[in-house]
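Pasting the structures in now, so scroll down.
Look for subunit A in each of the two complexes below; its partner is subunit B in the first and subunit C in the second.
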Partner chain A sequence: MYLDIIILVVLLLASLWTVMTRSILRSAIGLALTSVILSIVMFRLNSPLAAVFELSVCAGLISVLFVSTISITQPYTTEEILKRMKDMFARFRFLPLIIIVSAIGLAFVSIKPVINLPPPEAIKDARVMLWNVRGFDVMGQILILLTGVFGIVILFKEGLKK
Partner chain B sequence: MSSEVINLFFYYGFFVVMLFIIGIYCVLATFNLIRALIGLEILIKAVTLLLIAVGYVTAHEALAQSLVITLIVIEAVVITISVGVVVGIHSYNKSLDVRKIRNLKG
Partner chain C sequence: MYSSLILLPFFGVIVLNLPFRALMKKCAFWLCLSIVLFQICLILFPQICCFSDKLDALGSFFKFDFAVDSLSRVMLFCIGIVLFTALFVQRNNCEDEDKIFNFANVSLLILCGMNGVVMVKDIFSLYVFLEITAVSSFILIAFNKESVAFEGAFKYIILSAVATVLMLAAIALFLVISGDTGFSAISSALKVSQGRFFIGFAVGIFLCACFIKSGLVPFHGWVPDAYSSAPASVSVLLAGVVTKTVGIYTLIRIVNSIFGFGDPIKHLLLAVGAISIVVGALAALGQKDIKRMLAYSSISQVGYIVIGLGTGTALGLTGAIFHLFNHSIFKSLLFVNSAAVESETGTRDMDKLSGLAKKMPLTGITSILGSLSCAGIPPLAGFWSKLIIIIALWVSGFRGYAIIAVLASVLTLAYFLSWQRSVFFGILKEDLANVKEAGFGLVFPALILAVIIVGVGIFFPLFINSFALPIENILGG
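== the complex of A and B ==
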């Protein structure tokens, strides 16, 4: 249990660094680091398939998307980052304080609900659950993927026309 | 199911709330569109952690994993479309600052 808590604290620190770092490229790298630590948590909680998805899609694909977007847009030059440092620090300086106060508040709140756990499920394989039990939802996923593809096609088509 | 597992779930719930606070603060406090998307990602990661923890506690890991896979697919599509919109906004306005995007004002 102590190892789990240490990993969760590292996850929290990585997400704090992601939000509070000044360079937006470092922020994207911190997001990938958060995904990697979250996939370690998933491996420890007996969910290896979801962990592999998290590692490959969130830490890989989405980080590449963010880094390429940053390189396309080039939001700020170094001088602009230096100029905005004070403004950024002023806006985000309250975040660690809010985290510490809410952590202390949550630690003192003693919630003891009666949890009636359901019986363990019969299907233990995630692949059987995904393809056989939730087959209709997979159709919805495919439709959402097609929506994404057509959305990107339309966005870049409009860009070419201009 | 032992009480130790339920205690573990409360630890995970504690960190889920912390992650959620970080994500909401990032979305609310930033003026940069890419950083707002990163805050949205952190919010989605909090939900992912909660789903996995609930699946572990209730011994429904297979269902939780399939739900998380669906969530990750939808997350990737949402981020891809959002990034496309952000690139479009940048090519039109030459800026990602939300204070300068006032084309729809009024």
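== the complex of A and C ==
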């Protein structure tokens, strides 16, 4: 129980760092860190397969893509970033405090969920689930990927040529 | 039969991107148009589309699982007719073959997404198709790569991402409660375990997500920017069907099939609807940019749909769906008119325009029909739907809301009359002396939409039998 709470607090801190750090590279690393911690949470919730996906795709592949994109483009210098970000972040200074206080407050409110979690379904293999039961959603996800690719080609291809 | 509505656009995208690029670029527009026309024909004359049964065998490969009722058919028809209009507007406004090719591709993808949204009966599939539609609309808003358009698209992305997170969290809670994601399974699970904190929370955040996606007050911040910064054809598409499908249809379907019309939900819908009607109409009064005025007007009209839904009666639901249909048609028409004015005069600022009716007679006449239908003037289609909504409110005892709806209708008339007076009537300004009627691509769809508005209005008694009676069967289904 305590271990879970510690993991969740670390997850919260990592995600806050991701959105509040001023360096885009650190932000990408923060995202990878958040994904790693999330995969630990998933592992502890008895879904090793989801944890492995999260670890390999979100923490691994996406971070590699982000870091390589950042390193081949030319980001602003630190001074420029500081100049641009100074005003934008002033209003979010209290965000971490508000989140932590409200989390502590929620811990004291006695919400006792009476939820009967369905037992882990051993029969439904992830492969069967993905291809035989949710085939329609898989097709939808193929379409989302296709749309994303089109978006990048349509909106950013000419920029590359320049 | 309905599998073809997903599979044809999907194969269309694949065919367009096969190696014969030069040939495909030439026929992209026509391929997209024929798929859209097929959709309209399939809804109007289901018996002619015999070959589409063969596609169902293919659909079963992908485990297609649809529930198409009369509400879905109304939406499918709206999607078809508005996309048809948007394609013509894009072709008229843009000579570049590459751009038309790209537009056709994204149109087919958004068609897949919206058709999926209105046909599925599983909340997670609904979410997947909502995302296809949302991602396609981000691309379309920023299509011309102008900085204002990127800003509008960015606002939409951020608010849409918030809506997505809320929706996904609600779906996760529903899955925990019911162990399934089908509409009927969740509905029966919710009935068994009513009154739990988590259920109220999940229902609340899902409704919030729908309000954001529909652009209702107080979540309307993205609507004016997105509508006004997008290219003309995309404004038609966004205002005509995209927000209707991802926001309003989802709201109607989820409230009707899963949540049911409990008292808290009814009061929430009525309050949000009434606030949207009034705020949208007041904000529209003060606008000088035609497209921003139409965007605020959309917020107000969407409020009417939600307030009709909030009555929770068969009559209110009929009025809401009928107004949804009417709003798709007349708002597309008005955006086509604004595109025509902008393409001929180069401006959307109402202060710089005057007396255009003499130079652009067809645009002038169709815009009057669209405006009057929106303001609810008999015998046009918009009058009947507003009348049904107001009667439903009065009969179910929400008389205060009925009065708000009637008074806001006067405001609607006020801002549309001021638009007509400043743009189409009055003395023609000297610098507008060389303006001529807009091209075929803008006049032809405007005429079709105007004919629908007048036709549905005049033949309403015939229309109501094929329209309203099936809707009553949806309720509680």
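One rule holds for everything that comes next: the second predicted complex is superposed on the first by the 121 of 162 C-alpha atoms of A that agree within 3 Å, B and C clash if a C-alpha of one lies under 4 Å from a C-alpha of the other, contacts with A are read in each partner's own complex, and residues count from 1 in each chain.
Methods note: contacts are C-beta pairs under 8 Å (C-beta built on N, C-alpha and C of every residue); 3 or more make two chains touch, one makes a residue touch a chain.
Being a predicted model, the structure only gives us computed values, none of them experimental.
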* Specify the partner with more touching residues on subunit A, choosing between subunit B and subunit C. => B
* **Contacts of A:155 with subunit B and subunit C, given as first, second, both or neither** => both
* Asked: Once the shared chain is lined up, is A:132 touching subunit B (first), subunit C (second), both, or neither of them?
  -> second
* Partner chain(s) touched by A:141 [first = subunit B, second = subunit C, both, neither] -> both
* In the superposed arrangement, which partner chain does A:18 touch: subunit B (first), subunit C (second), both, or neither? -> first
* Structure fact -> So the subunit A residues that subunit B and subunit C both touch are 111, 115, 117-118, 133-134, 137, 141, 144, 147-148, 151, 155, 158
* Can you list the residues on subunit A that touch subunit B in the complex? -> 1, 4-5, 8, 11-12, 15-16, 18-19, 24, 27-28, 31, 34-35, 38, 41-42, 45-47, 49-50, 53-54, 57-58, 61-62, 65-66, 69-70, 72-73, 75, 91-92, 95, 98-99, 102-103, 106-107, 111, 115, 117-118, 120-121, 123-126, 128-130, 133-134, 137, 141, 144-145, 147-148, 151-152, 155-156, 158-159, 162
* Asked: For the complex, which residues does subunit C have touching subunit A?
  -> 6, 10, 13, 61-65, 102, 105-106, 109, 112-113, 116, 120, 122, 124-125, 128-129, 131-132, 135-136, 138-139, 142-143, 145, 176-177, 179, 196-198
* Asked: So in the complex, which bits of subunit A are touching subunit C?
  -> 111, 113-115, 117-118, 132-141, 143-144, 146-148, 150-151, 154-155, 158
* Of all residues in subunit B, those that touch subunit A in their complex -> 1, 4, 6-8, 10-12, 14-15, 17-19, 21-23, 25-26, 29-30, 32, 34-35, 37-39, 41-42, 45, 48-49, 52-53, 55-66, 68-70, 72-77, 79-81, 83-88, 90-91, 96
